[in-house]
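For reference, the structure discussed in these notes is given below.
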């Protein structure tokens, strides 16, 4: 057809935001930690597609902050069961979805001391849909066993646990965590990469289909929202990211 | 309560004190921290409530800190906190690793005058093995339900920067009630205030809602810009990320850290 | 959150609900209580947070209440609460006697999603023998230190009157943060508001400090004077003590109570 | 001497306020419960005599209310050790300083159901100087043993207790509670009454000097303060009391 406008190719950040956004599409309240522009974009995208029933809190922002009872309120709120989804990163992530934010080497981080566990050890158990997001996909990050468990992926049956890790997204893949099997399943590989590369760059074992699905690209609606309202909303919080991450 | 100078304010912090400091999204008393470096205290037990950044890194780099209790120490988007990282890697500080709500619960236990608070989650984390003051008990209400307890955290002194203080010693913090929790939990509380509020903050019902009453406040000092180079909820100012990036680069070595202090005109007392 | 009529608001309270109500020094939703009598619910488990007066006495007198959990029920300077006294003396209600901070701690436990809170004092009180949900344990941190635990109190619904509500469902309560605690702890929260606030309460940092965010608010109804005949912190109005004295006299008998309802034009539903 | 102005006689309320005020004179922070005009007068009197180092909170008032964290703050504040003195009443009070605010007869108050224990069961253990005040001095109120212990006067040595009852004031007497002996001691009898009357109207045993002291009358400074600044301060809280209780 003639006259169809060519949509410029999505950026890596846009793809990751769209992929993460789909994983929290059903939320009523998604909370994004500080210094997390891609998850913040994802949450705002999901909210924008939800017709107004999806609340977003972005820690560190002023506009997307509805709490009025100090730093503790977020954690109380999660324990009250009012928060559906949260994004967590990890210095190291292993195949049982344990995450390490404390340090590499023997404790207390003789090789590399990381900032610390922040709220992960708690929210990992209380938020129903925890999405792990680490852009870097490497054997350095995705390890057979983390050097330190900041937050545990699995719990014995008698531990009080209403939440946990459900997904892992990197620059290469979407993996779904199967808590019953205690393993990740390779849900899809982003376009331009293949299973061999994923196997080569992943330090832990995971389940997969020999012919894995390709991560669906950003669709027009997602892209339009990301480049308009999401970008505008994020501009005051992450000006540098906004000028760099979104296509025209 | 008394209104004092910045030097008088920090003179109320002593070597060995348990010093509580707020997170960087709140009100960090940076001018007071620089004055504290000049005063030259030692062996502080730093309690990040529940996380910290530049402030903690300066105190650690200057050798003021023996123990760090925190859920996280970093420079945020400017990267790892280099003096903290170095001190932790070399075992120069005793590290009490925590998670945000555990510190908040510890402060709440002190606020309530109770020995501990139970807390959900965390089970299975290696944090528990490291903390012999965290106990796992059987929930007395439900058989076979292991439950973590964290002990009360009572700082000797809390130090923070707030938007407004009045002549009666009341301090307005608005929605940043982690500052109020710190004041409730602490034996003493020192505050730098951005501006003087003319009148009684408690007499205005709208301001009163965000005010820490004077009974909890030991002293205030008026220090406009007392949070710089960090951002501040009180006036919407944002962190000077160039400053932090420059600091991060320099402070990767102790020598560079000393250079930073010199460039900033901060003399470290002994 | 939705803005509804008074009748729609109270239709969200069902027979058998755990209904939390605030103390009389705070914001009592009296108009909503009268509407609730007309609606005609039964078997409420009333949680006074932590004490109540006329509101509780009306609900008890009208036969809406099966259980009362409270640190105190009285008409203040107007005397004992006659329908409560009568029902308690005759064993018509199940009484869960408490003390103020035990109820507040129970609500805080629910707010924090933890099963219980420890609390100091109270040991030696006969209250403990009456409450099989209060446990005395050995403090796990200090040998030979008996410590009382009170379980979480999670109301099905909290009902109160507040000075301001906005179009987004945010509700301003100022320093009366027991109302915020109730909202945090409850499964749902119904509020009558004295006035509509034009704009977003959370967008103004001074109002935000005293605001319950909309996530906790199930529905609001605008009812000017919705606390009458009680006083209200929101507008400085004081309790109509003549009304209460008249009520106290009449309501000493069930017949007199019915007469009071008739005089007030309150029809009790069934 | 001629020309000396005759000071009008003190009222009963003024005497009781002065007596109670002296018992909290050393406080830095005295808290008065709701519906307690005489203790409120006493606290304001003591504060007025203290040269500004004595904070007063009157629950139910607007002016004398410094708390900003809801109803719980008072109790947290007491547990933090920031509150020196508190006044408590009692439907029944016994010789071991147990108080009953719940009911007369078998529980739950088959003969007379009272309002309830309010904060007493807690504050009685945490506030160093608890002053019991009950105007009525009778065998109905001052009983050998309360029917229900809302708050216990004595605790075993292993109970955490930093506060407790120190004084009992009625329309007849000041009694000092001796926690070691577990008994009240008759400190003084108000002018116009005598030991026989006290013995006759008290339902519990207590220690006393056979020639007990007379409660010192209200002095000029106390009287002047009560009738000026105290009355003015209390006017908005207790208008009826103020017009009735204070002499001219």
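Chains here go by letter, A, B, C and D, matching the order in which they are written, and residues are numbered from 1 within each.
Operating definition for what follows: a contact is a pair of C-beta atoms (placed from the backbone, for glycine too) under 8 Å apart; a residue touches a chain by one contact, two chains touch by 3 or more.
Everything quoted here is computed from the prediction, not taken from an experiment.
Undergrad: In this assembly, which chains make contact with chain A and also with chain C?
TA: Touching chain A as well as chain C, we find B.
Undergrad: Where the centre means the average of the CA atoms, what chain is farthest from chain A?
TA: Chain D.
Undergrad: State, to the nearest whole Å, the distance from the C-alpha centre of chain C to the C-alpha centre of chain D.
TA: 29
Undergrad: Taking each chain's centre as the mean of its CA atoms, how far is chain B from chain C in angstrom?
TA: Result: the chain centres lie 36 Å from each other.
Undergrad: Could you please state the distance in Å, as a whole number, between where the Cα atoms of chain B are centred and where those of chain D are centred?
TA: 41
Undergrad: In chain D, which residues are in touch with two or more of the other chains?
TA: Where chain D meets two or more other chains at a single residue, that happens at 67-69, 79, 126.
Undergrad: Of all residues in chain B, which are in touch with two or more distinct other chains?
TA: Chain B, residues with two or more chain partners: 105, 112-114, 119-120, 145, 147, 175, 177, 180, 208-210, 233.
Undergrad: Sort out which chains touch which and give me every pair.
TA: Pairs flagged as touching, ordered by label: A-B, A-C, B-C, B-D, C-D.
Undergrad: What does chain B use to touch chain D in their complex?
TA: So the residues of chain B touching chain D come out as 110-114, 180, 184, 202, 208-216.
Undergrad: Mind listing the chain D positions that touch chain B in their complex?
TA: Of all residues in chain D, those touching chain B are 29, 55, 66-69, 76-82, 126.
Undergrad: What part of chain B is in contact with chain A in the complex they form?
TA: Its residues touching chain A are 23, 25-26, 49-51, 70-74, 76-77, 80-81, 84-85, 88-89, 91, 95, 97-102, 104-105, 108, 119-127, 130, 144-147, 175-181, 233, 236.
Undergrad: Under the definition above, what is the set of chain B residues touching chain C in their complex?
TA: 105, 112-120, 135, 137, 139-142, 145, 147, 149, 151, 173-175, 177, 205-210, 233
Undergrad: Mind listing the chain A positions that touch chain B in their complex?
TA: 34-35, 59-60, 62, 67-72, 75, 79, 101-103, 107-126, 148-152, 154-155, 158-161
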